[in-house]
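Notes follow once the structure below has been shown.
Per-chain numbering from 1; labels A, B, C and D assigned in written order.
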Amino acid sequence: MQSYLYFPGCTLRTVAKDYDASAKACARALGFELKEMQGWLCCGAVLSNVEDNLMTRAGPNRILARAQQESDRLVTLCAGCYNVLKRTDLRAKLASPAQQSINTFNEDSYNGRVDVVHFLEILRDQVGFDAIEKAVKAPLKGVRVGAYYGCLLLRPFEEMKFDDPNRPSILENLLMRLGCTPIDYPARTDCCGSYLSVGSSENSQPMSATIVKSAHSCGARLLTVGCPLCKYNLESSQIPRAKNASAEKFLPVVYFTQLLGLALGLRPEELELDMQQMQAIREAQIPTSEGRDRH
Amino acid sequence: MTKPKIAFNWASSCGGCEIAIFELGAKIIDLANKVDIVFWPAVMDYKYSDLEAMPEKGIDVSFFNGAIQNSENEHLAQLLRAKSKLLVAFGSCAYLGGIPSLANTSNRDQIFANSYIETSTTENPEKIFPQIKVQKDEGELTIPEFYNTVKTLDQVVDVDYYVPGCPPVGEQVSKVISQFVGGELPPIGAVLGASEKSLCHECKRVRTDKKITKIVRSYQTIPDHQKCLLEQGIICMGPATRGGCGSICLDANMPCRGCYGPLPKAIDQGAKMLSALSSIFDADSEEDIQRLADSVPDPLGTFYRFGLAHSLLRRTKQ
Amino acid sequence: MKRVGLFVCHCGLNIARTVDIKDIVEKTSKRSDIVFAADHKYLCSEPGQALIKDSIRQHKLDAIVVAACSPAMHEATFKTIAQLSGLNKYNCEIANIREQSSWVHDDPQKATEKAHIIVSEAIEKVKLNEPLQPITVPVTRKVLIIGGGIAGIRASLDVANAGYQVYLVEKSGSIGGRMAQLSETFPTLDCAICILGPLMVEVYRHPNIKLLRLSQVEEVRGYIGNFKVKVRQEPEYVDVAKCNACGECAKVCPADVPNEFDFGLTWRKAIYTPFAQAVPPAYVLDAKNCLGLLPQACGECKKACDQLGTACMNLDAWPQTHELEVGAIIVATGYELYDATKLTEYGYGTCPDVMTSIEFERMLSASGPTLGEIRRPSDGRVPREIVFIQCAGQREPETALPYCSKICCMYTARHAMMFREKVPEGQAYVFYMDIRAGGKGYEEFVKRCQEERGLLYLRGRVAKVYEENGKLIVKGVDTISGKRVQINADLVVLAVGMIPSAGSKELASTLKASLDANGFFSEAHPKLRPLESPTAGIYLAGAGQAPKDIPETVAQASGAAAKALDLLSSPTLEREPTVAQVLETCSGCGICIPLCPYEALTLNANTNQAEVSEALCEGCGTCVASCPSSSLSLRNLTDQQILAMIEAIVA
Amino acid sequence: MEKTFEPKIVGFLCKWCSYAGADLAGTSRMKYPPNLNAMRVNCSGRIDPSFVLRALASGADGVLIAGCHPGDCHYTNGNVKTLRRFRLLQRMLDQFGIERERVRLEWISASEGERYARVVRGMTEEIRSLGPLNWKTTMEVAA
């Protein structure tokens, strides 16, 4: 079975277990496996990309130095880890004095030999959306889902080169193959507030709120993301409303891997989808003329 | 008056240079009358002791052919240097290292392994290699030590004149010898018996447009007798090689291999030919250039066939 | 053995800070091949030059090495001093210990070691330099000017008025360029075409100017003073001399084409006049959009023309190639605008009501698509809320243009002001990074616009523009109040940057003139030689060299013209004598012949040796490096000199 | 504490582009190691492979040839001839056992000061890690 070296990252071991599980399940369903890399450690999150403090960059370099023992390609899921590792690799490629000193500090030196990719890229470039469409067993007919990319996947564009930062389309393209009805909404590339939610949520809350509102007003009944932090922000911004749960006002957030899994015919528990989420996904469907099944 | 005393010696070479002297034909008789040949191991039985016995500078001119590949070659070179007023590097091996110096792409161990083990005709189960010294009941037997790197004559002793050619062609040899026998001699260090211009000067072939679209090896085609070989894609060392040989190879429709060595002002014969050849590649794109460059067979061996020891780099890295 | 002297410059502290000058002077003066060594705070200063002069006389030096800044800076200066002191100027060499040592190395010891090597390189070279006299060649006293915009027009008139022949080559059907498209010009609000028109006519009537429209430079051979140029002219289906621009042909033309002069906001026919004031005042047949010429599909225009008796059309015309000989070339190729569709965040191309500043400019023009009225392209309504975004895709090194186009602050102010004039009840917002209004009366102009017209200037950038029920939602930040702002606008105008006009790259390689990192023609020196390209005999004017406004362009054009006239003023000019020479050992193998890009090498059949034409040789040395018998030599950069320098480095 | 090996690199810079690029690096005060010493030549096309061999034979640890980007040659296409020679030279140097990192051909324009600095840095580091070439001793391994 084709296997790719995989970097989970801290979040996918804690709050985002569902992201990790669903991705692995999808991989198996699509005939490849995500092989967890040996001795991975925290990527250092966004701190790692600061220019003035080399210490913060030692970690991600160490990760890639270890990864290169196993493979020349490393797959990530968490948008944060993806951003950090990919840019670390890019920095390593230009043999800068900074890189020299990082390498002399770390036990193994790293000079940019690992191709850091996101799971979505594997789906698009290795598996291929056509193949995925063929593999779909339970199409999510008419599920009105708004894709939210977040910044870390897309920016800085000149380094990430993942998708057009202002008009991204990769998630929509995938969702369409799954039968979903992707909703285009103006705020889909706005920032969710990122780490502001830790210190000053009063600033981040409104930011995520606008995104949810924008998506909802354009007809989305479900949001899908590829970043645990975005998911957290988008959900927490709704918590007040979630409490007095008038369901259609509340926009649940799921990982794209969970939707993919459902479409591939996997069981909700394999994808760690709870009842409430399944309910929401069903309700996100455009009611067909003869109405939904009565039993 | 006393006849000038002349010596010939033969070091690491094929013997062709000795034959070249016999190309004098009948002239060799009057040579013998004019001069007094005091040492010529290839022809008559001389002992090294005879040579050692001679007075310092007792010989007027010594013609030394062959490269220096072992301790015996070097010993003879020093001996003759001491005993001769003038020492002449005779032939491409003494002058440039010649074919033997292609051994500089290898080293002693590889060469021994090859000649005493690997060659299919060799039967040597105990892996016996030549020993410099062996103790036998009769006493200690010694043979010369084989060198890692082949050298030109002037890399081991001072040389007064050079005569290129593998071997030097007949009429050049007689010219040279007559130069020494009561003739005019150019300043020390000069190259004798060769022209100051490249072989192209005496080549009769027609030159039109120097462009190389494809490298062709001489066995792959029958070249046009009239046209410049280079322009037919055949690597001819002529442009980078001294004339004087009378372009005999080209008359035989074979390309020049460069045995007459570099031109007076050239820094390095091989590099010069490499530069000339590649400059006229008919290619502008990265890929086409690479393709043509890759199609040149064994650049080192082609451009330094006769001159590796004399070249700037002299040998390959081990 | 030459008597060589060394002079080391401190360049204030620029060199002395890191390089131990004393050490250089002392160690070098111990060399057997150095007669005299001295240092000075500023060798380029008068006293510094005096020191060199005196020491040359006093110590009977016959070669000098000046260790100072890059030869690009002062080589000429010091060579001249050498000459004035009775040396041949080729007995002066520069050791560049500033740009390539003191400025790039921190460790004084290492910098000094390197400086030592650089100095001894120069000494080894100068010892083997031979005294040379310049080669004089005749000058063709004509000028080729490429581009018929305001720069080309101004330059042509200046050269022509000085009495020299000018060939003005224009790609399109009419001269006038960008300026002809502008409605008004800042800061005086002159009507652009009203001040440009007369000059265009003057060019057309000038006896010394030959105007070639629909033409492009195809090939340039030769060198300064003696260029041989091939210009390809597209078929002139309309005889410029006969056409009286009556326009009957256009009336009958069935083909409708978006009008590029109005950026597709209006339509034209396949036979058309680029604009009302076009020069030459003749119609142009756009073969691409004509229903067909080979074979003729329609021919209505010709019929109409013939019926009138004007008979100025020939539908069987062929392209012509003009072979020109000129002494100088002025490049005035101007600019284009950055493709706003690349700025996806602003929605240009997806939202019809997001337009570029030049499109807006056309809309403002009385002769423009809306005859000067401001309307939304989508529904033709008069916009109430309008947002101007400055620096759109500019000053963004990572994603778009790294540089500032210089004119946007000014024209945006004018645009906003004119919007308020035409739509008094409307509101104009301008997003800016900072106002760059350097120029005579510029600052005052912007202030006036802001105050008298009540424009709302918001300092900050726009994050994104998108359409939501008929409005353009402009999301940005006001960095002064520190608040994120949202404006629901009717129209958005992007001040996109200037980029070199299409074909600059090809032209540059045809001319062997170099381009800078942004694709503009690079000047010989940013401060001291801004009018010349590094390639001798080629001069630069206008926005093809860098973004600039009309006054600057006109100034540079006159400057370039003056430079060209300076060259033409004498019938001959001197060329560098550091050319290739053939040595007696040449055996005529012919390797070098095809390698020379200037056809300076030929094989002499009688001597069976190669020959160099000193007038043609540019001294690149490619042939020398390829000569298998080392029978070619480059004057004052011989193999021996290079080997000596190598030894100096690795010693 | 034994002193780190400092490579000696000979640089041949085209005066129209790379040398100007090196000057630009200087004017913009970029820092790079002093191991490369530059020689100003009219065109990279002036570079005879013999110069490269001579430099290596006389003790250089590396050689840089730098010219204008393809298409930008001040003399139309001198740099193309350089490329032709260089590709064949590379093959021969392989045979001599000289690592490719030691002899490099780079295109550096007058506006690429940063690139020049980067090339010098990179080359110095690569060659430092390769260690000295000292060809003189290579030639002397007689017996």
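Here are some notes:
Keep in mind that, in the parts below, contacts are C-beta pairs under 8 Å (C-beta built on N, C-alpha and C of every residue); 3 or more make two chains touch, one makes a residue touch a chain.
Note that the structure is predicted; figures quoted are calculated from it, not measured.
Note on interfaces A-C and A-D: more C-beta pairs are in contact across A-C. Measuring from the averaged C-alpha position of chain A to that of chain C gives a distance of 47 Å. In whole angstrom, the spacing between the mean C-alpha positions of chain A and chain D is 46. Between the Cα centres of chain A and chain B there is a gap of 72 Å.
Centre-to-centre separation of chain B and chain D, using mean CA positions: 33 Å. The multi-chain contact residues of chain A, meaning those touching 2 or more other chains, do not exist; every residue touches at most one other chain. Taken residue by residue, chain B touches two or more other chains at 266-267, 272, 275, 279, whereas all remaining positions touch fewer.
Of all residues in chain C, those touching 2 or more other chains are 595, 622, 625-626, 639, 643, listed in ascending order.
Remark: the chains found to touch one another pair up as A-C, A-D, B-C, B-D, C-D.
Those residues of chain C that touch chain B in the complex are listed here as 583, 585-591, 593-595, 603, 608, 622, 625-631, 639, 643. Here chain B touches chain C in the complex through residues 196-201, 207, 209-211, 228, 230, 238-240, 243, 263-267, 272-273, 275-276, 279-280, going by the rule given at the top. By the touch rule above, chain B contacts chain D in their complex via residues 71, 105, 107, 145, 147-149, 151, 266-268, 270-272, 274-275, 277-279, 281, 283-284, 286, 289-290, 292-294, 296, 298-300, 303, 311-318. Residues 118, 121-122, 125 of chain D are the ones that touch chain A when the two sit in their complex.
Across the interface of their complex, chain C is touched by residues 8, 10, 15-17, 20, 22-23, 25-27, 29-32, 34, 37-43, 45-48, 50-51, 54-55, 58-60, 68, 71-78, 81, 85, 109-112, 117 of chain D.
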